[in-house]
Every structure is written in C-alpha cells, then in structure tokens.
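Common to both upcoming complexes is subunit A, partnered first by subunit B, then by subunit C.
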Partner chain A sequence: MSMTATAAPPALFSVTLDNWKLAILVGLVVSVVAVLALPAGIAFWIVGAMAAMIAAAFVVNAYRRKYYGGLLVAPAIAVLFVMNIFPLLWSLGLSFFAYQSNQQSIRFIGLNNYIKVLTNEIAAPANWDALINTAMFVVLTVTAQMIVGFLLAMLFAKQFPLRKYLLILVLTPMMLSVVASGVFFTYYYDPTFGILSYVVNSITGGQFILMSSKVGAVTGIVFADAWMWSPFVMLLVLAGLVSVPKYLYEAAAIDRVSKWRQFWTITFPYIRGLLMLALLFRTIEAFKLADLVILLTKGGNDTMTISYHLIRIANEQNKTSEGAALSYLMLFMVIVLTNLYLYIANRRSQGA
Partner chain B sequence: MTVMTKMKGFAAAAGLAATLLTGGAAQALAEEVTLTMAVPDWPPTRIMKKFFDEQYKPKSGNTVKLDVDFIPWGDFYTRVNASLTSGEQKYNFVVSDSQWLGAFVEGGYFRKVNDLLDADPEFKAVMESMHPNPRDAYSTYPHKTPNFYGFPQFPDVLVNFARSDILCHEEEQKNFQAKYNKKLPCTGEELDAMTWDDFRNVGEFFRRKKGEMLAGKPADDDFYGIAYQAGKVYDFSSMQINGFIWQMGGNVWDETQAPKGQAEGVVNSPEAVAAFEKYLSMLEFMPPVAKTGTMDIFKTDELFREGKVAMNINWIGLGEASLDPKTSKVSDKLVFGQMPGTMGADGKMVRWSNIGGQPFVLTTWTTDAQIKEAVEFVKWWLSPDIQHQFAASGGQSAIKSVYEDPKYVTYRPWNRAWAPQLDWQKDVWHVPQFYELLTQQQDQFDLAITGKQDAKTTLDNIAKFQQNLLTEAGLIQ
Partner chain C sequence: MAEHNSIWETLGFRKASGVGEAGWGRTLAVAIVSFIYFLPVLFIIFTAFKPQDAALSVPPTLSPTSLFGLIPEQFVFTPTLENFGSVFMRSMTAGGAPEPTGFDRYFFNSIVIASSSVLLALVIGTLAAFGFSRYPLKGNDTYLFIILTTRMLPAIVVIIPVILMFRVVGLSGSYTGIILLYTAFNLAFTIWMMKSFFDELSLDVEDAARIDGSSDTGVFFKIALPQVIAGLAATFVFGLILTWNEFLFALLLSGPDTRTVPVAMNQAVSSGGRGTDWTLLAAIETLFLIPVFLVTFFLQNHLLRGVTFGTVKR
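Up next is the complex of A and B:
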C-alpha cells in the first residue's frame, strides 16, 4: 500500500506540529477566553495568532502526509483569506453594531442598521433612488455595449485594408484610465468650452447644455461608458467569431443556406458562451458604476448610483456600520442576480 | 603672490575648515525631526513649503524636515478623513478646513493646544494679536469657546474679481448709465459699493452673444456678466449662499445656540427663502455651465481667466493664477473689490460672508520633540516678517499689526478688500456631523440650482433633515 510512506495521523492530544485537531481545539479555547477576558485591541491579535497557528498546523500536516496539491494552493487561499474573506466577515460583523470610524464608541444594535437602510424615512428613499438609477444604468450601458461591441466584432471579423491599425485604435478607449476619459468627456460636454455644445449651437442657434437635464446627463454617462467598454465586448465576441471553423461556412454555401440562417445556425452557437460571459462581466461592472458619475455629474441631475452613494455614506460621512449593512444588501443582490443569470445560461446551453 | 598673502590664505582656509568641522560636530549632536503634513494643493501651501525650504532655521539647532503631501482640493477631505480614521497616524500636521474641527476633535485626532499656548506667553500673544473672526473660526471648538485647536495657515475671504477693460469702457459706461440710471462700477471703490442688485444688473447688461459688440469690439465668443460658485461638490455653493442668507437677515443652524437653537423655522425662515431665491435668480445671467451643477470655484476661476465673464466672486486663494499672464488671458486688466452687500434698512451696507481659509492643526500622536519643533515652526510662520512676505507672495494674514500696515494693500490688488471684509466673516457648523449636513445641503442646493426644485421646498427639506440629524445627535433638544 502506498499509504505506508505517510505517517499515521497523530492522536488528539499528542503535541506535534501536524496535530491540526489539537490546534483547532486550543485555538478556539484561547480565542474565546481572550475575547471574554482581555480588551478588544489585544484580543484581536491573539485571535489572529490562533488563526495563524491553526493554518500552520494544516500546512505541516499537509506536508507530512504529502498532500502537495493542497500545499500548492495554500498561498492563494491565504491571500484570499487575508484580502477578501476576513474583511468580508469583519464588515458583516460591523453591520450589526452602531459604529462610526471617526468615533471611539461601538455598540451592538442587532439588525437596526439594516432596518434603517431599508425603512428610515430619510435614509431609505435616497437608497432606493440610487438603486433604481443603478438598475437604469445597468440596462442602458450594458445594452449599448453589447450592441456596439457585437457590431464592431462582426466588422473586424472580416479582412479589409488597415484592419490591424483600426483595431488598435478601437481598443484604445479600453486601455485609457477612467479618470482620463472622464475628464475628456467633461470638457467634451462642457457648454462653454466643449465641442458638443459648439456644434449643436452652430446648427440650431440655441443654447445647448447636455448635462442640464436627467435625460442629457444619463445619455452623457451611458455614451462615455459605452465608448470605454464596447471594445471589451468586441474582443470577447471576436475571439468567438475567429474560432468558427471555415468549413462549416463552406458547407453551408454549397447548400445555399442564406447568410441570415448561416449566422443563427453556425456563428451564433459558437459565440453564445462568450456573449454570455461579456454580459455577465459588464453587468457586474455596471452595477458598481461610480467613477464616471463622480467625474461627470457628481451625482447631480438625479444620477446618483448605489456605489457612489455607498462611498459617500461609508467613506466620507464615516457611517461605517450603516455602509456595511447597505453593501451587504448590495452584495446579496449581485450574488442572486449572477446565479440566476448563470442558471439561465446553463439551462439554455444544455437545451441546445 | 607674496608669502604674506599666502599665509593669510592658508589661515582663512584653516579657519573655514575649523568652522566646518565644529559645525559638523554640532550637527551630529542635533536631532533630526520630521514633521509630516497634509495640505491642499494650491498657492498658499506651495508658498509655505517654498519659504520653509529657503528660509527656515530652527532655533533648537535640530534638523527639521517638513514632509508635505500636496492633495488636490476635490479629494482633500476624503483623503485626510481616510488617513485619520484608518489609524495610520501618518500626519503630524493637517491643514484642516475650519468646519472639520468638531469631527476630528471628537474622533480624538486633533490635539488641543491650550497647554502649548499657556506655556509660552510669546506664542499666546501672537494668537491674541489676530482678528477674532478668523481665530474663532479656525481654532475654537466648541465654536467660540476658549478651547483652541489650530493656528491660521492661510485665512481667506470671498472678493469680487473684475475686468477693468470691460467695465471701464466708455461706450459700456454710457449704455449702462442710460439703461439703469446708475454708474457702471469700474474702480475698486465703486466695486465695494455694489449691492447684489447692482451685481445682477451687471449680469443682465453684459450678456452678449458671439459677434455682438463688447467694449468696442465684436465678442469672439459668448460673454457673460457675472459668475459665482454654484457647484454640487464639497461646499462649492453653500459658501456663497450662506452669505446671501446672513446678509438678508436669515440664519443657518447656529451651533453656538445648541442645544436650544432649532433648524426647523430658522433654516427655512421666510428671510432665508427670499435670500436663496435671490441667489438663484442671478444664475440665468451666468455661463450656461451654471445649469449643470458643476460650476464650482475652479470652474468660475477658469471662466474668468479665459475671459468669458466680467465679474466673478471667488476666494483670494485662487487669485494668483489670474494675475499670471501664463495662466490668464486677463492678467493685465484686473480690478478687485469687496463682495457685494445688501443695503440694510438703516442705509448701511450689510456684508456678512462665509469665511474661507484653513488652520494648521496638530494631531494627538505627535511626539513631544515634534511638538516642540512644530510650535517653533508655527511661531516662525506667524512672525510679522514671514507674514509680510507671505502676503507679498499672494497669501493673507489675520494678524492685526500685519494687515493694518500701510504696505499691506500694495502687495496684491485684492488686499484692499481684505481688512474691511474681516469684520463681516462668519462660519458654519464645526460639529462632528458637519459632513452629513454639508452633503445633504449641497445635494438639495444642486436640485434648486439645476431648476428641479424651488427655494422654499429646498430649504424645507434641509431644515427637516438637519432637525432630525441634530436631534438624534443631541445638539437640538
């Protein structure tokens, strides 16, 4: 038996470096005692040390028993834990307390933050407005990007002169920093210095101000966002188009299948998966839209999105725990939406 | 070369070497102290850093380094707030906007300095030699109590930036007189005497389309008479609107009256509504960007420097760029006056305005050695000689003996408006809730500025929000 090469698991109470069961037991007991008996500042580090000790025991155990697969992913899991999972759990905990980052006091209040975020007569309407605006931006920006990106991909799938250079040009917006693009669009839309008002005014003779109404402001933001991210959709779709075997088209041509039918029966099935992926990525990103709004309208003209609203609550007004509660509700929504989405996408591809 | 001169040369060289050596030895004994500072990135702080590097010699003999983080205004609050609340304890000194005091004193970040002042009579005398309005606004928390937290770094007020080439043009003067039966203000004194009604008339009068005659020439672009801040971000409309409200007999929620003072009925009083309506009524004469809610202090400054408006109300702190021909198309055509006022019932001008400018504040984790050097540095900064130099390079001073010196008004063209405006400065909320109060108010003002909501509804909403928030915080009973 190959198992003879590995050491037998240690007994529960034998003090060895690889005894992870004992490590968990000791870690739990010490943590609970520390949390109950010591001031929070010190207890925090003791609990942290216990977590590190348990992790170390797991690693030694894995090494002695030659679980190399586990060892190889351990650094990634450690980073994930420190950078993602721990802050997530920490903020989940915070959302049940009354805590402001610029004040020293902290008090347990149960679900009150969630209740405030959802029902308070002053806080809740602002949250709902921001959420509705976000939903609007998700629908508009993602639709615009999918259509423009898809058409661009259809164009670039063909060979034509200067294609390579035009492709680089079309991809440029995606590579620019959002701040640079945002500032560029600010000037583009500016009624005094901007080219847009200049052109419209010289045609109509009136005084055109794009950003002075909600429709205009939303159009401005959606246009800027589509300008930046349509190339991303194009890249993904283009990858799909390139992967379609040529002989399928040749066979279809021999059978005199119409171009329209060729598209739906050959091309589309190949790119559907990538289209879904692009849709998923862009929807999640659009849900987090804040940067362009900050740069273009600062949330004015009723363009406040939930992300920007959250930045203001949590980072600027220092209402940390209320912000945590709101962001958990947001996270919950994104997870539900994403899963729904994946479910539908999978069911369709199985049906096909 | 004679032997004698050789000898002299040798002696001189030896002497030099000796001083270098002993100097070096003294330096080796001295400590190196670094003061880390967060400041907004604009001329008043750039000048301070330049003076420090060029001139500052610490009395203690220590090597003092000033490590300055220049942060753009738009992000300044967010960045400083993040640094302080995260507990990284990076900064010893913060150039804080006056309204931040409450939030950061209550958070335990800003250090009370009464002990430092009491220990050093000379230092205390400097603080007492300041005009009480800026001192109270920049240093005291709770507001107007003798609990000191800061020292003025750069005091500031709103003034009227104007174009003499347009305003003093004969043709325009004649037409304005004919239309309004009043002289078009052209000199500094005439600007000082302006009321908001005169300001409105200038706005109405100078609205010109591209190609229409402007000061004897066809305008090369659309031209507007007036501008002031009407932006959504930070405090870029409140600072102007507060002046209107105070001048016309209204008030904001008064922190010095807490917990008796109310928000409901005060913030939305008929006087305040009328004042806000007056503020809104002038926006139609301003560049069209006013309707988008992004006409902040930087935008009006840019419009003015690009030659698109005749008059702009703005902070002195932004003034240097308009005087510099490299950044301003109007650098040689400027005249400055006080911000317009409102004529009182007794025939005297009422000039209330919201104070600008910032104090330096020390943080609580600053060590004793750093505090000693910081105090020396602040004393040096507030010494008459440096304050004069600062004013001569575009700064301002709140120290009476400095700004009352006849030389003072000659430093910069706007300095003539400085001393008379100081008596009329007030400030808003130094309470910990200030940022919530400010963002909600700015959002509401923005709705009115962009024409979505009338003045009454706006102030009603603000009053309701403030009443609720401040009652919860125990500041209204």
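Up next is the complex of A and C:
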C-alpha cells in the first residue's frame, strides 16, 4: 500500500461518510427528540441506531486519515461502553437517589447515601470491619499466590520428561467451578467427616475444628483461594520464562555468571512485566473475594468481606442505591491504589 | 564414553545442564509436588465414582483400589458409574420415576456461551491491544486505565443496571445478552495481557517489513501476530476458564433456556432440603471439568513453545 496524503477534514455541513461532527449533531438532535416524543422501547433502538451512525462516521474518518489507533480500539471501546461503562454510570447516578429494587419510588437525596455509609452508627462500623477484613484477605491471598505461583513456575521452567502431563495437574485447581471446589473445601475442613480433622485427630487424638476461630477461618479461606489461583500466577510467569532466548543463558554459562546473577540480569527482565500484570489482576480479583467466603463461613467469625457485604446490602436487603454508594467508595479506593501501583511500576521500569 | 558416566546418567537421570534442560530427577521432584497439589481435585473425581453411602464415611474413603494391599481396606471404596447417569436422569421426588434433568442442555449452553464470548473478546481485544501498543492515542494510558476499572467493581453493582437494561431491550434470558456481557467481562483482561505481549516484541522487524513494502495489515497478520501465539493461547485459556466457571452473572441473567452448568449445579446439589448431594456434585464437576481440561491440555504446547520466531528482543 503506497502512502497517500491524508485528506483534509470535511466542512461541518458537507454530507460525507467521514463527517463525524455532523453525525454527532444529527445523532444528538434525533436522540433527544426520540426520547421526548416516543415510548422508551422504540426510543432505545433509535438512540442505538444514532450511536451506531456516529461510530460508523468515526471509523470511516479514522480509516481515510490513517488514525489506525482509534480504528483498532473502537470495537472494544464500543462493547465495553454498552456492557460496562454505561451500567457503571447508571449505578453512579443511582447512588444519589433513594431507591430500593423492590419498590417503585425513587427520590433524589444527593450525598445522603454516602454520608450514611460513612457515618451511620449501625451501617458504618459494619462497612469498616468488612473493609479491614478485605484488606487483610488481599494482602494474605495475593502474597501466597505470588510466592506459590512463582515457585511453581521456576519448577516448570526447564524442559524435562513428562513436563506437559505434570503441568496440567497443577493447572487443574483453577479450572474447577468455585461452587464445587468451595463446597468440597467445607467437606475437607468439616470437624466430623472432614479429612483434615481425621488426620489431626489420628495424630493428636482430639477433635479439630478449623473454622471455629477467626485465625482458623481466615487460614481456611486463604488456603483455598491461594490453592485455586496460584496456577494463574504460575502460568503468566511461565509464559515469560519460556520466552527468554536460550542463547542468553548459553552466553552466561560461558562467561561463568552465577545462577543468582543470571536470574536477575537475564530472567527477571523477561518476567517483570508479567509478574506486575499477575499482581495487578490478582489484587483486583482479591478485592472482590466473595464466593469462597459465602461457601465456607457465610461471613461468620469476622470474615465478612466488602464484596459479600455489598451482595447482602444490594441483593438480599434490596438497598440498591446504598450499595451503589458503598461500592463507589470502594472503587475510588481501588483506583487510587492501582494508580499508585502503576505509577511506581512505570517509574521502576523506566529507571531500570 | 566418558568415564564419569554414572549408572544414573546412563539410565537417563542426566544432570541439569543449566541451559533449559533437566533430566528425570527433576521429573520425580515435580511429580511429587504436582501430585500433592492435585490431591483435592483427585478426591472430587474419586467422589464421583463413590456409592452414595461411602461419600461421608468416617474414616474417609480415598481410593477405588487397594493397590495390591498397600492401602488399608477401610480407605477403599467400590467404584460405580451410577452418579454420572443421575446427572442426566434421576428421580426428582423420593421414590419417583427417573426423569431428564436438562443437564445435556446446560452443558450445550456452557459450551456455546463460553466459547463464543471468549473468541469474540480475543478478536476484538487483540486488535485493540495492537492499537494501544503501536498507535498510541492522545491519553492512551487513561483509556487503558478506564478499561481496567471495568474489572474493579464487584459484579453485583454492574449487574442491577444490566438487568434493567436487558429487560428494556428484550435481551434478558437470551444468548446474545449473556454472550455480549461475557465478552465485555473478558475484554479488559484480554487487552491488558495482549498489549503486554505486543509491547515485548521488537519494532525493528516490523519497520524492516514496512520498508520492504509490507502494508500495515500485512505487518499485523504476518509479523506481529505469529510472534504472540503463545500470548493468544494463554489469554484464550484464562478467558475460557474464567467464563466457563462464572457464577454470579449467569445466576442473575440466564433464563431457563440459557442456564449454564455452574448455576444448574448449584441448584441440583442443594435442592430438596436434603443437604449437599456430594456424589452428584462431584459427578457434575468431573464432567464439567473435561472440556476445559482438554482445551488447556492441547493449547499447552503453544503456551510453552514460547516465542520461537527468532527475533531480536528489545
């Protein structure tokens, strides 16, 4: 493809396929009229068609002027906007209203939901407890997963006989449905029938109830979660480890570089990005820990996490807008932490 | 023959050479670790073969065979295939005639929904990742960060507006709705992961191809994409595993016709007020594990082959 000179942008009112400014103008006018004049079911589709028209104009414009970045990114942004960002904005709006999903009435109350979540003498302490527990789970589970996952990856880094058959065994815990593995962990930990209690019992002779104290319950949940998700970290690190070109190690072996220095100067730069990614995604997922807690302790023994707490508020008690307010406070915290993390990670990789 | 060859080395237990190859010694060590790691899964699989009264016995039964007397008789159970039958046909009321449970349909749903949404996310997400990596927009990092934030909120917060939206549009309980939602659910991870793989590639090869007259499309398909096959495989496997087992969205958004296995599994084992049906749960999970296990196993070669394209890294 030969390089053509980029076309000049079209004038505002010229009717061409790439005139996105005109498309936005027409789209906005038609949408507003449709929403005001037509029933919601029909108006929705008209607004959708307008959005598609604007998107098409953007695509044609990007293609004609070689803005490949926008062109490549557009489909992903479109799907994310409809299925994620739009619902997020909707629930952000909802957090400023008094709304319960089992009632019809809806009333604007400004910041009252946020004030209630933070200061109400009944709601606030429960929220704080759940938040502190969540922070504890994040630190414990992510640390355990990173260490176990990294060690497993190092174990599998070299080629050895039967490697692929052994690797799939380690990957399997991640493939289990959390419904099944969670329920079976209640069995493993069960004081009467469980394997753990049977083993401890035959050594010490006394009955062993793991989940009866906070320390035990937290250990049980962290162990189950780390067991399920360490393979995730392992696979990411392993993908980085196997991409290191072999000749680098061969050169290092000729130069008699120590194993320790080989790791830090050759291996580590190849896995740093993927380690960071694993840490980021596991931290985000750990903030949302709920299913294992529901299955193993139902939040008892002071193991309530913020995500499970939210499910209770929003789904079981139908306090939709209060739940939305609480989750936006949580989102704010996660965003600040993530930004801090990405900032530090970027500075490190530039400094190195 | 070097005189230092010990009997072990002749048998194949080579000493690790330090350049990426290890012998049977490593296999033995890894086998022990892997087996211990796999034990809880093995127990679930064994439970699927247990007769109902053996599921909660004390001491727990651990093996279908005594391994020629190695394992004491009290830990051994007699394997049966009955539980797998009752996944698809069983009596719903005490003493009633066996009736179809609909699980064939639920397995079909899980396969259709998971595979189409993961593939869709992979196509859209890889294009976007290449865009973010090679043609940075103004505020590139901001866009990437906003995409990441879509994964930060607990599902329960997103789900309420989505339920309302699907009701208005008529998508509730349809394949299209849940597939689109899962596609979005997978996109953030796909984009971030594929971008990190594209970022690792050397730009020199791509520039050279451009100078030789290759088009931008050609550079993407012929140069960049073949180098990230390992990344595509890894991303596909992760997406599949996450979508395959997703529970909360499926519980709240799938209708009777589009119900996936995790939702049906949850209902099947806790219905009737009889407590958990351990052998049934284990049988469903064992069957449910097979497809994702096979896909992972066969993609593993790609996963581990790494980047063998032979390009010079940055």
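By definition in this document, the second predicted complex is superposed on the first by the 273 of 352 C-alpha atoms of A that agree within 3 Å, B and C clash if a C-alpha of one lies under 4 Å from a C-alpha of the other, contacts with A are read in each partner's own complex, and residues count from 1 in each chain.
The criterion applied here is as follows: a contact is a pair of C-beta atoms (placed from the backbone, for glycine too) under 8 Å apart; a residue touches a chain by one contact, two chains touch by 3 or more.
Remember, it's a predicted structure, so these values are computed and weren't measured experimentally.
When the two structures are aligned on the shared chain, A:Thr338 is found in touch with subunit C, with no touch to subunit B. When the shared chain is aligned, subunit B and subunit C each come close enough to touch A:Asn315. By the touch criterion stated above, A:Pro191 is placed in contact with subunit B alone, subunit C being left untouched. Once chain A of one complex is fitted onto chain A of the other, the partner contacts of A:Trp90 are limited to subunit C, with no touch recorded for subunit B. In the superposed model, A:Leu28 makes contact with neither subunit B nor subunit C. In the superposed model, more residues of subunit A are touched by C than by the other of subunit B and subunit C. Using the contact criterion defined above for the overlaid structures, shared-chain residue A:Met175 touches subunit C, although it does not reach subunit B. Of the two partner chains placed by the overlay, only subunit B lies in contact with A:Gln103; subunit C stays clear of it. Across the two superposed structures, the residue set of subunit A contacted by subunit B and also by subunit C is 101, 192-193, 315.
Within the complex formed with subunit B, the residues of subunit A that make contact are 101-104, 122, 186, 190-193, 197, 207, 209, 211-212, 217, 297-302, 312, 315-319. Touching subunit A in their complex are the following residues of subunit C: 12, 16, 18-24, 26-27, 29-31, 33-35, 37-38, 40-41, 43-44, 47, 56-60, 124-125, 127-128, 130-132, 134-137, 140, 143, 145-158, 160-162, 164-165, 168-169, 180-181, 183-185, 187-189, 191-193, 196, 199-200, 215-217, 230-231, 234, 237-238, 241, 244-245, 247-248, 261-262, 265-266, 269, 276, 278, 281-282, 284-285, 288-289, 292-293, 296-297, 300-301, 303-307, 313. Partner subunit C is touched in their complex by these residues of subunit A: 1, 40-41, 44, 67-73, 75-77, 79-80, 82-88, 90-91, 94, 101, 152, 155-164, 166-181, 183-185, 187-188, 192-195, 198, 227, 232, 235-236, 238-239, 242-243, 245-246, 249-250, 253, 259, 273-274, 277, 280-281, 284, 287-288, 290-291, 306-307, 310-311, 314-315, 320, 323-324, 327, 330-331, 334-335, 338-339, 342. Those residues of subunit B whose C-beta lies close enough to touch subunit A in the complex are 77-78, 81-82, 84-86, 103-104, 106-109, 222, 231-233, 287-289, 291-294, 303, 306, 308, 432, 435-436, 439, 443, 446, 450-452, 465, 468.
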